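Here you go, one structure.
Each chain gets a letter, A, B, C and D, in the order it is written, and its residues are counted from 1.
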Amino acid sequence: MALAWLLAIPLAGAAATGAARRRAWMEFIYCLGAGAALAASAFLAAAVLSGGPVSFLNGFLYADALSALVTLLTCAVWAFSAPYTVGYLRGAQPAGAPARLGIRELRLYYALSHLFVFTLLGVSLTGNLGIMWVALEGATLASVFLVAFYGKPTSLEAAWKYAIIGGVGLSMALFGTILTYYAAFEGTGMETWEALNWPFLIAAAPSFNPLVMRLAFILVLLGYGAKAGLAPMHTWKPDAYSEAPAPAAAMMATAMLNCALYGLGRFFLLSARATGPGMPSKLLIVFGILSIAIATPFILVQKSYRRLLAYSSIEHCGIITLSIGFGGPLGSLGAVLHMAFHSLAKPLLFFSAGNAQQHTGDDSLRNTAGGLVHALPWSGAALFAAVLAVTGTPPFPLFLSEFTMLRAGFAQGHAWASITAVILLVLIFSGMFGHAARLLLGPVPDLPAGDRNRWTVYPLAVLSVVLLVLAFWIPAPLSSLLAQAASLLEVKP
Amino acid sequence: MTATVLHAVLQGLLLLLLSPLLSGLIRTAKARLQTRRGPSPLQPYRDLGKLLRKGMVIPETASPVFAAAPFVVFSTTLLAGLLAPTVFAAAPLSQFGGVLALVYLLGLGRFFLALAALDTGSAFGGMGSSREMTIAALAEPALMLAVFTVALTAGSTDPSRMAQAAIGQSWRFLAPSQMLAFTALFVVLLAETGRIPVDNPATHLELTMIHEAMILEYSGPWLALIEWSASIKQMVLLTLLANLFIPFTLASAPGVPAILSAAALYLLKLLLLAAAVVLVETTNAKMRLFRVPELLSVAFVLGALALISTFLFGGR
Amino acid sequence: MDPAHAAPTAYGLALSLFLAGWLLSLVLHVWRGTSLRLAGFVHWFALAGSAAAAAAGAAALVQDGSWRWAAPASAAGFSVSVRLDPLSAFFLLALAALALPVSAYSLGYIRHGAYGRSPVLRSGLLNLLLAALALIFTANHVILFLVAWEAGVAASYFLVTASHEQEETRHGGWMFLLMSRAGAGMIYIGLLMLSVSAGSLDFDRLSGAGSAMPGAASAAAFLLLFFGFGVKAGVIPLHAWLPAAHPVAPSNVSSLLSGIVIKTGIYGIARVCFDFYSALPPWAGMVVLAAGVISGLLGVLYALMEHDLKRLLAFHSIENIGIILMGFGGGMLLRSYGYPKLAALALAAGLFHTLNHAMFKGLLFLGAGAVVHETGTRNMEEMGGLIRRMPRTALYFLVGAVAISGLPPLNGFVSEWLTYQVLLAGFGTTAEVTRVAFPAAGAMLALTAALAAACFVKAYGITFLALPRSEHAREAAECAPSMRAGMAWLALACILLGLGAPWFMQVFDGVTMQLLKTRISLAAVSLSTASIQAPPPRTGAASPLALGLLLAAFGLVPWILWLLRRRRVTTAAGPVWDCGLPALSASNEYTATGFSKSIRMIFSVIFRPRREIQPRFEASPYFPSEIRFESEVRPAPGASLHSAVQEALLRLALRMRQIQAGSIHAYLAYIFVTLLLLLLFGVRS
Amino acid sequence: MPLLSDPIFGQTMITLMAAIVLVLQITLVAQKSLVSSIYVFALQSFLLAAIAGTIAWFTGAGHIYMAAVLTFLLKSLLLPAILIRLVEQIRIEHEMKPLLNVPVSVVISGMLTLLAYVVAEPLQQQMSFGSPSSLGHNTLPVAVALFLIGFFLIANRRKALSQVLALLSLENGLFLAAISLTYGMPLIVELGVFFDVLVAVLVLTILVGRIREAFDSMDVTRLSRLRG
């Protein structure tokens, strides 16, 4: 039941937003929904921890530790981004968009955001791989208009690319899902919709036709990879992330990325059990490294910091994929940890960059005079912290997950992949930090003092503190959730 | 303990008293070779006496460093002298620091003298200081290689032990490594003591002088201390050359006849080496400053060869 | 208190104080970030913490064995696992010995805007840096070590860029950060290789793990770790960040950077070469020795070419790192050939020089900081005559200059003397190639040391002596008492570490026992003659105390005589000989550039000097109205390494940008082609 | 009526219809007029619905009937109607120039069909034909080919609307695969997929309209401002 309640929260939020007539109501509903969802997902996680997987409606809704973790992360990102969204939408909007957002635009935004969260929760809370696909496709559709929100020509361009590439990608994933169903159908003779339910599939996987599963995995890898932003299916990302409002982009870069990788991970486990872990692992490693490598030059030479964030997201998508691909206890732990930490670090980056962009009206790295930290002491500091965090610099926790990933590479005999990753990570760090330093440090700029909006500043402080604390201390329940999730993501013979 | 103190005092007196004579002898011999009459060998004593009695002009720009330098130079040079064996195979104070300490003590003196030269603000001082430090730096590796060679064959950097170890092997001097090291050290000596072809101790032409340029502003007793130190330094280096390579004349056992003969032989060796210096000085012209490195690089190569030949010919 | 608990308690106290200072600074920054008084207040935490750290280090060194403490690892692998073994304790002691005076100095130093616009934050970062350094030295777990390592880098970066309004500062900080990160990358890989092979992330278990690895991997990990840590230490050609970052940092920070931050690299190298690798083939020692020789010689040569006082000091740091590495390299070779006692001597020489360099270089940077602050410039050509305006600073700086030149009886002499003995001992005890390498290194060490002396004659003479060369220099004033106290402490340390070396050498007993199973003081110290000595086969002894006393005596006697004499002779102050031209002025003085000219010419093969003289004539070529003189030397090898790499990468990146040219058809084609390729090759395999 | 219960007959019919579907797909590649393309798509969808109906008939599975009816209603009636209306509404030029010209495109389509066979052949080798439970399994290569050609079509079209159409034809391939391999996805999944397809078309058509307003064109090659 908890599963259904959790799903009902954003749906009810969307309906209530549709009915709301005043801005304050929408904002209140949004924040309330986010808070309630966070509480509910924590409750769900506790239930999973204490009593094992939860299932509802015959497995239609299902949550084990892994899905509980992904759900929790989605809700956490939502909860952090809700107050920021309120502040962000109250602030100045970019050139080409309406200077002040009208009630219709706001309603659209908040309602779509609710729906977006609903579909994302659907991905992680369903036990049925078919429904998971449906939900992920729904997430794409709900977010297309978030990307196109400002209505600028560039926003429409980004939305179009996002929609088409996402659509093509997801159709490949659907093909993969169909083939998986076929394999299950052929292997077990099971023909009802339960044949796509996770507990059944994973148990039956060894009897699947390896050839079919191989084909299915390739298709799903490309499909969900496109959704997650693995190279070379990543091309929509920089456009969409730079055009969407910062909080929406943050949701896409974390929650949606998690959901897509979650789906990919499930299929990886299936095909690894069906065909042996060799081929799927190798593919994940190749695509992981490729994503990090493709992101690197664009991070080094970049003129817009919002696009920079998108490339960083591609990189992190690569890291998680790589870690899943390395496998073993360390690899899966690294992937789960990275998913969790990245979900907290990326919003910090998007939020602080969003503040900078709102304050200067520009996200250019070329035309900047620097010295932004003088005008934006809080966002500037947060941006520094965020850049350090997402580049995996200790003491931020992403270092721990990346290091676990690298260890996994060495431990599983993929030393070269690990070494390549280290080199690329160093390059990415230099790119990211160089841009941040150029933007933030320097002589006092000709700008008014900023960071006056509490809604957009407090989330930064909270996120930074949470991140730093997690590096050194992870609460016991969360830590066992992570451990269980990692063990679920591990290929077991 | 008392023996050590007595030994040190006696050797100190020997250095203090005899070094001006050595400088005087070299000067006279040089003059004679150039068919001049030259000053008496005792002239340095007269100079020192005169300077010690005279008043002084201290440059207006000088700081305490200028005042400290003569005393530092004097004390480092004298102490360096006490680390080297002269008449006895054992140097009085060599348990407190071996040949490395000796070299570095001289370095300390040079350091302060160069600072004092800069202290006056005169361009000549700066010039002298710069050149002195450059040449010293270039001489250092050759010096170290030569010293290493001897130290290796002796198994110690303690000059007393170096000398003692060699006493038994009388013909070691003729070993190629020793000959080469000796030559290298001799070149270094020319550089360190400001001799032609590196520097001309007699010149007072501003643009060519090195040592003299540094002490241009000194006068009276302070100048005396510096000049005296220079003489002592020269004697110490000649002593090293003499006793590290030809140590078998040294007295290893007490006894008046042995000591006397050792002392006589020591002086004889000094005189011979001084004669060599005189010969080099008379037969060569002073080099341009930028050719000095060539000379010192030759010394360096000699030192390196010396070292290599310790095992090249089946030595240790 | 129970002595067994003294070290852990003091250690915990030190860390708590540092971290408390940092956290407090964050709160205070929010409250009143520009208050200099609050910034000073935060420095007291650093001061107290350093005192505690000193106690911890000393206590841990006194007692045998190691103290360990570990909290269980978090799910993410982070573990607070610390250990005070002798090596850690020694470096902790070095840290504290420098941090204490630097903190004191900072109290006065920061009052004049050295920390830029947010002094409270920076003073907190100083605490964070100290905490990170303490953890680097004591971490017993790879992850904690790396966390501390990068926290130290971050703290240093934000300290270096305290006045980031200036382009030069930003560039210096950037170079530091970039190269640190690149080095850290190598360290990551190396430590990963070791720890995966050992199956543990505990430093305890890594001990000897390197030698247990298969040959090629073992060698690769060694090289990665050596050069990774070498970046931090400033080994040429990986040194480019050092002369860029040190000068632009506030001087108290420069002092820490040069004194102890680069020593984290040395700590890493010592840990790797002597602990993680219990045995290494001779080539490894040769690599280290060669790196030492090259860094030492080129470091000092480039220092000589500088007339920026702080850059000069930065290059000297490279030189001294070279000397330290000569000791380490020699030790590794001697260990390879089975002479643990001599190897222990070498290790002790290197470690001793590490501490000594922290003391005198810290002192010199603090002095430079005072001078730079008073004159408002780092250019030595605009200083001069400061000994009259800042006599105390000048005195302390002189002590530092003598010490760094390796002159007796100060501490620099002791460690260089030990290094010489090591290099001498290596000759004849090892095989053909290495036996030549040792004395060659010795000769180069001699050259290096002599050039260092020349360089400090220049630095001291041009800065402090003769006539002031600028208005600022003429009006300089003595610095604040707290700053003088910091410098006095370090000057005293230089003297005491020199004179008391035989006693201090016993500190290394624990380290050599731990790493080479031999007690160094048994072989290398003779307390009856207060001397340090070299063990057979190449004996030798030196007693800095005796030398110092004798020097004092021999100097004092003539001085007293002179004092007695002075009443009877006339002493007058007179003008300097100026060839009869009217009044000597500062423009007659030898410049720093002029001073180093002969060396520039002699080593022109390395420097490739270029100079340009452009006279401007009005009426006749004999009376130029203006002469412009420009002179420059080619930067040290490796200085342009990073920029070449950077340019190549950026060019490649620009070309790769074509991938994302905006065409959705191209984007779809990427996916399509990938799909086809996978279908063709992926399914059947 | 033995013929209507003979699985061989069913097999033959399905094979025939699948072949026509493939031909129609290639026709889409060669087609230059947008409106005719929409009709071709409608026809193709109808044939798919017929295949589904045939399979449902022979296997007697109720949910496949449902899928057939839904396909017919949605894909061959509703979606084409929406698209046609949009075409008339915004009066776009009917001519669609592909990036690669028609002969090349058709040749590529042929090669893609070949590739689809190469991919599906090993799977087919493991299948057994002739029984009711394997009815339609032999259309897997066609499904893969539809998918690949549809993909190619998206990449080869300039007009935003024709990309939407191509995406739908690609989806048809998936439907064929689902229906022939597994007799349709589970109903609930199938419903979700249909719903998604419907919403996707709505979303995309709205986007097309706004792009047309903003750029004065539907040519997506103009959408290339966001680079690097």
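Assume contacts are C-beta pairs under 8 Å (C-beta built on N, C-alpha and C of every residue); 3 or more make two chains touch, one makes a residue touch a chain.
On a predicted model such as this, the values are computed, not experimentally measured, just so you know.
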Lowest number of touching-chain links that must be crossed from subunit A to subunit B: 2
Top-ranked pair of chains - ranking by C-beta pairs in contact: B-C
Remotest chain, subunit B as reference, centres from CA atoms: D
Chain whose Cα mean lies nearest the overall Cα mean: C
Distance from the mean Cα position of subunit C to that of subunit B, given in whole angstrom: 35
Euclidean distance of C-alpha centroids - subunit A vs subunit C, Å: 43
Averaged-CA centre spacing for the pair subunit D and subunit A, given as whole angstrom: 31
Whole-Å gap between the CA centroids of subunit C and subunit D: 70
Shared interface positions of subunit C, touching two or more other chains: 657, 660, 664, 668, 671, 675, 679, 683
Per-residue overlap in subunit A, given as positions that touch at least 2 other chains: 160-161, 164, 168, 211, 215, 238, 298, 301
Pairs of chains in contact (touch as defined earlier), listed by label: A-C, A-D, B-C, C-D
Interface residues, subunit D side, partner subunit A - complex: 119, 122-123, 126, 147, 151, 154, 160, 163, 167, 170-171, 173-174, 177-178, 181-183, 185-189, 192-193, 195-196, 199-200, 203-204, 207, 210-211, 214-215, 220, 223-226, 228
Footprint of subunit C on subunit A - complex, ascending: 160-161, 164-165, 168-169, 172, 211, 214-215, 218-219, 222, 226, 232-233, 235-236, 238, 279, 283, 294, 296-298, 300-301, 333, 337, 341, 371, 374, 388, 393-395, 397, 399-401, 403-404, 406-407, 410-411, 415, 418-419, 422-423, 425-427, 429-430, 433-434, 437, 441-444, 470-474, 478-480, 482-483
Subunit A contact footprint on subunit C (complex, rising order): 74-78, 80, 117, 143, 146-151, 154, 161, 164-165, 170, 173-174, 177-178, 181-182, 184-185, 188-189, 192-193, 195-196, 649-650, 652-654, 656-657, 659-660, 664, 666-668, 670-671, 674-675, 678-679, 682-683, 685
Residues on subunit D engaged by subunit C in the complex (per definition of touch): 99, 115, 118-119, 122, 148, 151-152, 154-156, 220-221, 223-228
For the subunit A and subunit D complex, residues of the former touching the latter: 60, 128, 130-131, 133-134, 137-138, 141, 144-145, 148, 151-154, 156-161, 163-164, 167-168, 171, 174-175, 177-179, 181-182, 185, 191-193, 195-196, 209, 211-212, 215, 238-239, 242-243, 298, 301-303, 307
